[in-house]
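Below, each structure is written out as structure tokens.
Here come two complexes built around chain A, the first alongside chain B, the second alongside chain C.
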Partner chain A sequence: MTVLNQTTDSRTAAAPAPAPRRRKPLATRAYKVFRVVALIAVVLFLVAPLFWMLLASFKTNVDIYDTGKSFFFTPTGENYANVLQRNNYFVFIFNSFWVAFVSTALSLVLGVPAAYAMSRFTMHRSALVVLMARVIPGVSLLVPWYYVFSNLKMVGGFEVLILSHMFVALPLIVYIMMSYFDSMPLELEESAQVDGLTPIGAFRRITLPLSVAGIATAGILSFIFSWNNFMFALVLSGSKTKTLPVAIFDFVSYASIDWGGLMAAATVVTIPIMIIALFTQKYIVSGLTAGATKG
Partner chain B sequence: MKRRSIVKYAAVAAALSLGVTACGGGSGSSDAKTSGTVRVTLANHVWTDGIKAAIPEFEKATGLKVELTQLGEDQLSDQYNVKLNAGSDEIDVMMYRPLQEGKAFAKNGYLADLTSKVSADSNWDWKDYQDGPVKASTVDGKVVGVPIITEREVLYYRKDLLAAAGVQVPKTMDELEAAAKKISASNPDTAGFVARTGKSAAVTQFSSFLYSFGGDFVDASGKSAVGSDAAKKAYSFYGGLIKNYGPKNVSTDMSWPEAMAIFTQGKAAFYTEADSLYKNATDPAKSKVSDKVGFAALPAGPAGSKPYNIPSWGLAVNKASSNQDNAWKFIQWATSKDRTLAAQKAGVPGPRASVWADPAGTSTYPQDLADAIAASAKTGVGHDRPEVVTVGKAREIVGAPIVATITGADASAAADTANDAFQKFLDSEKK
Partner chain C sequence: MSVLNNSRGDTARDTTRDAARGASRTPGPRKNFSAWANRHRKWLFAAPAMIFVGVLIVFPLAWTIYLSLTDSQGSVRAASEFVGLENYLTVLSDVERFWPAVGRTLTFTGVALVCEVVLGMGIALLLWRPFRGEKWVRVAILLPLVATPVAVGMMWRLIFDPNIGFVNQLLGMIGIPPQPWLSGQDTALGTTIFMDIWQWTPMVVLILLAGLTSLSEEPDEAARMDGANAFQRFFFITLPLMMPTVIVAILLRGIDALKTFDILYATKGKGGGSFHEVETLNVYAYGLSFDYNQYGLSSAVLILFFMIIIITMWLLTMRKKAVSK
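This part shows the complex of A and B:
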């Protein structure tokens, strides 16, 4: 915390240094210093909670509240043993992974061709209908969904979770892919058709391979959404299909909270998605900006 | 042209949604409609751990099968609101909070009437239940739930700090204030007093102060009473204790985990809290002061010592369940004298007078805590928050003066504002 304060102090000190124009080198140096300081401040601010979570996951419950032991303490692996062995988190990890994977895969299969059609044939109103699904708050759909799916005896199964996640993932994918296809030159497909490909063939052999970055972006974002989703899983999952975000609350009881276990579980939830994001970050950034400079 | 295309879209949307539902039709989770299975939904709690371990006994004795779902307190509440609102019959037995949501659930018709069931079995003995919890589980003259866990507000204190300062365990509110003052003055790093400070969270722990000063949330005629003189004194006393003798830079967003942490880290001398949380203070794995904690009944105010004595949790039967008789069998077993005793020994204070009278019932409790509980059960008030339908909103309103007083505002003015708002709220609920 003190580190944070210091950096913000020095930032305010560095900020009022817009040197006169002719002394450019000094101005750029001041700017560089400011940039580094600002970056450190922002990174610290963003990383601090994660860091706290990681530290706390190795502490006992008494030590977590002890401000004297914020950084120096005797680490314990007890919390992780508790999470992974006694609470059987591998089942929840599998559930989360399976739901996220299948819902993303199905959404891609349906969403990418749909986005292509909407982009190439300028189906603005269809696009609007898809967007509607994204705009409606998910919570308002929960009661009707529950009613419908419980009458179909589907509540508690994987199918209903996958369907509900697709409801959000599909519009997301369609919108990212639409802007991606919009940015792709039409001439590529035209020349492919001149060379004898059907429109579908041109899509399959030319456009699709060129859109891998966009598809990866859309897929990853949809996977992350699904992995983190709590609300749909809370109501629609059963004891056998419980996903990680819901299972985390097992560490919170009415009269006692196991902070250590909770933080260890939170770490277990966070790490896979962080690894995925780190390795695929390249795609996410390039895919997101791909549609931005259309023209 | 335009209109036609809209119709077309609607048709496509309808066809799609039909297709989606048709796809899912056959598959899905196991069908538990067979009456031999009781579907029980419980909150995460020590009580639940005990029941979970004992369920095989029940299954063996009755031949029924129990399907258990276990969730956190708020998640459970969310789930009830969605599932019961949709008229689900997938829940048979439900663990619920009689004072927080009992009235709303009963008014919405979620809870089955158990009046005839509770009085049918004299061995199980409904008369054994304490008055406060029974009252809180009864809505409009109908018994809608069986209390399982009770709690009272007691005074947690640090034996070593009191001894060092040479003060006795306070018997009255004035003595409490004097002791808190003395200890905080001689120990700069230690607060004299700590308690919940969050607007909504503090309401339940403030309620005992309110009653002990002679007030209540609502008066006998059903009008708001949070602006009464007694209430103003209670607000000013509770908020004043924390403002003057509480931790430095105290947050006004503390519920029990935060306030308890200050106490268990050895940073406060007195703490008023629900007795059901006592293990957080006496368990060495959670508390640095586990061997120095003492318990006493809530100090007496101008109207005496009047802590709440309420059922924090109860069991109810879902009215839409088609399996109500078996659901009742489960409740009867889970709330039997034996099970209540077992739970109480594990640290869960129960609602049965006979179990409290039994020496075995308090054998695992610190002696001073058992004495404090016994005293509180006699003088206890049966509610710890306004008894209304939308409890959450009411708590925000009546809790506002607590925060105002802690931050140094005038208790009297804040109470008047809250009184007007609460009266409006009560009027709107009557409509």
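This part shows the complex of A and C:
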């Protein structure tokens, strides 16, 4: 638990009690001003490009080419109407969602028990096999996959895409859940077993319900990674299973770039994931930093 | 049962044996299965995931090694001949595409990593102590991190567009002539590195921040009492204590940076642009496989690429062990 909650909770908890008030030296005040300025700069640097994308998605292409109308223009929803209706983005949104959802769910089913076993029995070498998947370049897997799956007439179906995305999700889930189980005290399970539960029963009735936060973390991150995945879908998706990143990529293959439409499409892809991120901020942070502070 | 002195694994095994004994007292097929499942839960739990990953990795990896030794091209199904190490010789003596790609991969990864770690440490230090509005800064940090890389690539294409891009517009205001950015032969790689820094510095910030908050306050406090100034405290106290976390951040980011594909392919397309300006090993291997169907050659490139990744990781892990001591 310590590792997972650190970033959010212990920060405030660990902060020292307010020191007895003294007159702050000049250097401290100067630092405070510097800190505020620096933080504003950081936020601007990170958010401004996204804001620019959002602005452009509401401009006509004429306005995009007019540098005088960078910030002041008459907003139009036409780009979105184009993207969503004419280019069938609802289908791509559904595809992306479905692939991310199913691959995450299946990966959780496979990954959570595996992470549990690997954590409790300290199976470091087995864990390494699963984590290898995070290191290996995806292209080296794609050629054989493509060959096998096209022979099985599966390329262009959802199954292949889901399998390939599970390959991204599973190592992530195992990694996050292992560090979660590592930091979970053994005593609860042990006392449950003393009270008559079998080890599997203890896992199912005690450990699993207590790891909901960890499972949520792993699930959300795996969903995001699957939603954002580009390379696997580029090769393995067909016209019916195309996911959003591939759809955006195809947008620019046409002769001239429809910037407004492209920015609307890019916004459509990023907005859902950002909304998820806003509401699950705590989990995402703990997942991304899982295991990072272990010795 | 001497539970106290046992390691984790042993404790678990002992209780399993008890459960099995309990089950054998009341026999029955269901009980027997449950006892069996409990006894073998270690592999019962781990095996499905390991088999899944194993089948999807081991088989393709073996196949890639095999392909790298053949002259396979056009279609994987087409007959191919065993050519031994010829592909490797071809690749290793290829100074037009392969070695520049190695150089770009290492440049991209090295420059991006250095900038991300330095910036990330700076930002993490800014965020270290609580302040008002912290919540909003944290949201801002999270946004680039979760944004879809392909969409991010498209976004930067517009912002860095030489004619209508906002960056050149800004530079124009302070009198700097427009730059070609992504479309320039010399500037393209740097521009993509900038994009990587924008998107992934937040990741480094989060990891380093988690490290900073887990540090104990005492060494820092003690140094303060002894009159050390902020810079001394950072370089002689905080940084050495943070080294293991810094290396974890470099390791995690490094693996992904070496394999960067999405933003490169999204901004420059096939072959990393018409002059291969941003063609890294991953983009090169992808192009060989799926744009030119040179499976034998691409497999050799991939095996060499994989070796570069493994060696880098191994070096970093060694370094981490040395620092953690």
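Definition applied: the second predicted complex is superposed on the first by the 254 of 295 C-alpha atoms of A that agree within 3 Å, B and C clash if a C-alpha of one lies under 4 Å from a C-alpha of the other, contacts with A are read in each partner's own complex, and residues count from 1 in each chain.
In the analysis below, a residue touches a chain if its C-beta (ideal position, glycine included) is under 8 Å from a C-beta of that chain, and two chains touch if they have at least 3 such contacts.
Note that the structure is predicted; figures quoted are calculated from it, not measured.
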Clash or fit, chain B versus chain C on superposed chain A: clash
Per-residue contact with chain A, leading partner among chain C and chain B: C
First, second, both or neither for A:I273, with chain B first and chain C second: second
Which superposed partner A:G238 touches (first chain B, second chain C, both, neither): first
Contacts of A:M154 with chain B and chain C, given as first, second, both or neither: first
First, second, both or neither for A:V129, with chain B first and chain C second: both
First, second, both or neither for A:L110, with chain B first and chain C second: second
Which of chain B and chain C A:S140 touches, first, second, both or neither: second
Which superposed partner A:D250 touches (first chain B, second chain C, both, neither): first
Which superposed partner A:T60 touches (first chain B, second chain C, both, neither): first
Overlap of chain C and chain B interfaces on chain A (superposed complexes): 65, 126, 129, 142-143, 146-147, 163, 234-235, 249, 252
Chain C contact footprint on chain A (complex, rising order): 3, 6-7, 10-12, 14-16, 31, 35, 38-39, 42-43, 45-47, 49-50, 52-53, 56, 64-65, 67, 70, 110-111, 113-114, 116-118, 120-123, 126, 129-130, 132-147, 163, 166-167, 170-171, 174, 186, 190, 193, 198-200, 203, 224, 227-228, 230-231, 234-235, 244-245, 248-249, 251-252, 259, 262-263, 265-267, 269-270, 273-274, 276-278, 281, 284-285, 288-289, 291-293, 295
Residue numbers on chain A that touch chain B, as the complex places them: 60-62, 65-66, 125-126, 129, 142-143, 146-150, 152-157, 159-160, 163, 234-235, 238-241, 246, 249-250, 252-257
In the complex, chain C residues that touch chain A: 3, 8-9, 11-12, 15-16, 18-19, 34, 37-38, 41-50, 52-54, 56-57, 59-61, 63-64, 67, 76-77, 122-123, 126-127, 129-131, 133, 136-152, 154-159, 163-164, 166, 169, 198, 202-203, 206-207, 209-211, 213-214, 217, 230, 244-245, 248-249, 252, 255, 259, 261-262, 265-266, 282, 285-286, 289-290, 295, 298-299, 302-303, 305-306, 309-310, 313, 324
Touching residues (chain side chain B, partner chain A) in the complex: 5, 9, 13, 20-21, 24-25, 27-31, 43-46, 67-73, 75, 78-79, 82-83, 85-88, 90, 257, 261, 264-265, 274, 276-277, 279-280, 284-288, 312-313
